[in-house]
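Before anything else, here's the structure in question.
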Amino acid sequence: MDWPERIPAGDWLRGASAVVVLSVDVDAESPVLARGERYLNHLTTMSHQAYGPRVGVPRILDLLDRYRLPATFFVPGVTAERWPHVMENVAERGHEIAMHGFTHRHPVHLSEGEQREEIERSLKCFFRFGVAPTGYRAPNWEMTRHTLDLLGEFGLRYDSSLMDDDRPYAMLSAGRPIAELPPHWLLDDWEQYAFLPEPDVGQQIEAPSKVVELWSAELEAMRSFGSLCMLTLHPFLTGRPSRLRGLEEFIRFALSRGDVRFARADEIASAVLGGEDAPGTGPAPQS
Amino acid sequence: MDWPERIPAGDWLRGASAVVVLSVDVDAESPVLARGERYLNHLTTMSHQAYGPRVGVPRILDLLDRYRLPATFFVPGVTAERWPHVMENVAERGHEIAMHGFTHRHPVHLSEGEQREEIERSLKCFFRFGVAPTGYRAPNWEMTRHTLDLLGEFGLRYDSSLMDDDRPYAMLSAGRPIAELPPHWLLDDWEQYAFLPEPDVGQQIEAPSKVVELWSAELEAMRSFGSLCMLTLHPFLTGRPSRLRGLEEFIRFALSRGDVRFARADEIASAVLGGEDAPGTGPAPQS
Amino acid sequence: MDWPERIPAGDWLRGASAVVVLSVDVDAESPVLARGERYLNHLTTMSHQAYGPRVGVPRILDLLDRYRLPATFFVPGVTAERWPHVMENVAERGHEIAMHGFTHRHPVHLSEGEQREEIERSLKCFFRFGVAPTGYRAPNWEMTRHTLDLLGEFGLRYDSSLMDDDRPYAMLSAGRPIAELPPHWLLDDWEQYAFLPEPDVGQQIEAPSKVVELWSAELEAMRSFGSLCMLTLHPFLTGRPSRLRGLEEFIRFALSRGDVRFARADEIASAVLGGEDAPGTGPAPQS
Amino acid sequence: MDWPERIPAGDWLRGASAVVVLSVDVDAESPVLARGERYLNHLTTMSHQAYGPRVGVPRILDLLDRYRLPATFFVPGVTAERWPHVMENVAERGHEIAMHGFTHRHPVHLSEGEQREEIERSLKCFFRFGVAPTGYRAPNWEMTRHTLDLLGEFGLRYDSSLMDDDRPYAMLSAGRPIAELPPHWLLDDWEQYAFLPEPDVGQQIEAPSKVVELWSAELEAMRSFGSLCMLTLHPFLTGRPSRLRGLEEFIRFALSRGDVRFARADEIASAVLGGEDAPGTGPAPQS
């Protein structure tokens, strides 16, 4: 396999020591339904996932408002269709909406045709909401080389699924420049908080204090390396009261540093690709 | 699948910032026997579960007495038959007894006929003890839409198995109003304390200090959202000395807030359904 | 299944608020070889287990000497045969040696004939070392009713495998009185420290500070209930430097209470069975 | 199976209370590709592993420079071929390079012929870089007796895969003396930090503070036993910002003791085998 060729990247730090992107994956029921339609009948499992769009998203939106912070919401097509208010509310508050597959099936398990269909259905669904996404994140971050090529073909400007750096970079996808904004498992709430026996989506419930420490320690050390702190949150997990308060603690820690700014993913992508900010990419970065 | 229709709910907070329900699932040997009758011959496994009714329940009852707190005990039919003293002692101390399936098999794995039989056998068994339950919790919280419909059909007033909110709500089940009192994995002792290799019921043994912190942080944050803190305890786990002391610490933390009250599940259900407290639903709320 | 009938027990606390038994399961290679002879060729796995008798046991013996504490060593026959010095050294230092199966296969997976053979081979092996054991612990604590009956038949005076109490009790086994000295997973080092990928014997490596806290909190709370703190240690785990120091911290904590004493298992069994201490059961209890 | 015969070992402590070897296993993509070539197409999995040679190794090299510490890098042949710069940079900075299998397949799963081939291919590959390794570590530490014999046959002077001590020792391998420098799971970053769902290489993400405590407590206690603290680091894990800082904290703790020195593995092996240091084995030990 040829690795995607890297190309020179623009200045995205803009004087900050590190940048935080608050990315919110609004998976809702999609990861469960991707494992089988039979889970439609598991009322508890469905309700566990529905907590995200029903309770978690509004609370996260309120928290962002309170701190006047920008965020990027990755929304699977299935979620957009089941919970149209989520799309509307997130857009109204001025946040970015980006793609996260249609059914939340992992690209590594899909044929090339199925991968294309996932993107086409997502785009079509988003257009109905008046949303023209510029970014993509693979479900479970598990993409193939073909997924990446499709992103270029469909004109997307960034991906957020690869983990070979903690700083964004630019590369060629299907001959077009695309930015990579690397996430990581350790900056994700799923590995710390997800517990559900059937289907088994995780078996661990850590205290928020551990998670705040984990994330704050990473951000603190990232300030020495000029890294991108791509935090990944799931409303059905982080929307719970004490976890939301943990997120707030992390935000306050980041703000207290004085040299960390918050940005939407599309703003970082534009800077990496050397262009100006796309119009309407939302709130100005914090300083 | 149509989701159950929500209907307006009554005032259940009654001036408190959050309400704690101490719910005790007296599973005893039932979850093990539900996996196979062969475990009857596993003396250690059986003894591990028997610790609950034999040692854990009396200690929890004493702790509740000491703090004069109300609680709700969810008792599988199998436990009621194997440990009749549990039913009698819990009732004598003035606590609520509610349904938790007969065999502790998970409804999602049962036919509609088997689900009905589980409820009928439970009711019949409870009536022999003079107990007329008004509430239900699905074993492992894994219910189907059909389970919910059965609850309405049998005249139950509340369920405590769904997780799409952390505040109680009212909905229609088989055309009758029913209250949902949402539990959650993070407010359960099982995920933190359960270890048993055969059958594998869990593989984690956390320190009580972590669990107290987990639950206290959740309750503290719930005070901002007016939530129901539905704590779920298993006597074969929380009955162990240091965990019991951890529970006591949590209780003292809750009482120290000044604006958190404790209630039985049926009292909350009555308030949600807009009615008066059923007669004899137990102690007055703490302030 | 009929449960073993309980009979009145003698005074084993003797004025203490709780009693600690330091029990050491010298499993060495036996649990690995019980999974398959092929592991004889896994040099790393074999060496991982050999650390116990080679390094861990001498260090634990030295620690016990330093604090002049009695202990009970449960030794599988396979270990006694592979590591005869362990049997000799433990006996020389005045500690108790008790049975732990011959091959470390779990009784729940053995036929009645195989169970009998395990005990007969163990006794024969122990007699060659001049050891006449009075106690038994089932490998992985997983015994059946038949195992218990065999203990009475072979004249053993106590078992340490059942978990339906945290205080010792007396019962009838094959018509003879036998004492039960209950262990528990939370007072075992295995669940906190064991990591080995092939065969998978565990996947967790906790810091000793967590384990000291877990055990100390349990002992502290046991002082209110007059419990038996049956600590279970594996030399291939607890023999590592920092874990040994953790054990020492726990010992110092116990001694600092002033009302906790240490005893060998056979001394407790004698008291429970109402008799005098067997001659030569070792050091006097600490105060 | 006959165990390798032990022979008298030279003085490797040289007045220190304990010695730390910083060993770095540059696995990169090899453990993943050893599970199947299909992972070449899993872009995220490949990128997750590529973080090691791409970002982690340079950062670790810089940290070692800053503290002027020697280290030993165990490099699978696959990594050397895919990432030649790693070999060159590590050698330039004066660190030791040792063998870690060619494909990272575990020797316990290979035939004798395959095991031989692994070593021959590794040596051939290393020679192309001008590296003549004197040490070996089995992938996943899972070696057989045959692996050990091959080490003697190929003239290697030490192995670092066995766990039956925490002090180095000498033994005969194919009639030649060879040193064993024992590692252990608890001094490895993998068990604390590795999370990757497909292939499943681990499911745990601990905070660096826990890991620093785990390792520092072990080193502290090792000072009483004159042990070798064989720390094992993986650049794709420890190369992340907060974990690198955790490693630095551990280093500072070790240096603060005053009687702990750092050494390369080959220096320890030479001392154990009673010889002088091999010429050019790198930086002098710290005091």
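Just so it is clear, A, B, C and D label the chains in written order, and each chain counts residues from 1 on its own.
To be clear about the criterion, contacts are C-beta pairs under 8 Å (C-beta built on N, C-alpha and C of every residue); 3 or more make two chains touch, one makes a residue touch a chain.
Quantities reported herein were computed from a predicted structural model and do not represent experimental measurements.
Under the contact definition stated at the top, no chain borders both chain C and chain D.
Chain A and chain C, compared by their mean Cα positions, are separated by 51 Å. In terms of their C-alpha centroids, the spacing between chain B and chain C amounts to 36 Å.
Multi-chain contact residues of chain A (touching two or more other chains) are listed as 204. Taken pairwise by the contact criterion, the protein chains form one closed cycle in which every chain touches exactly two others. For chain B in complex with chain C, the touching residues are 40-48, 50-51, 54-55, 59, 193, 195-198, 203, 205, 207-209, 240-242, 244-246.
Against chain B, in their complex, chain C makes its touches with residues 1, 106, 108, 138, 140-145, 147-148, 161-166, 182, 184-186, 191-192, 203-204, 210, 213-214, 217-218, 220-222, 224-225, 227.
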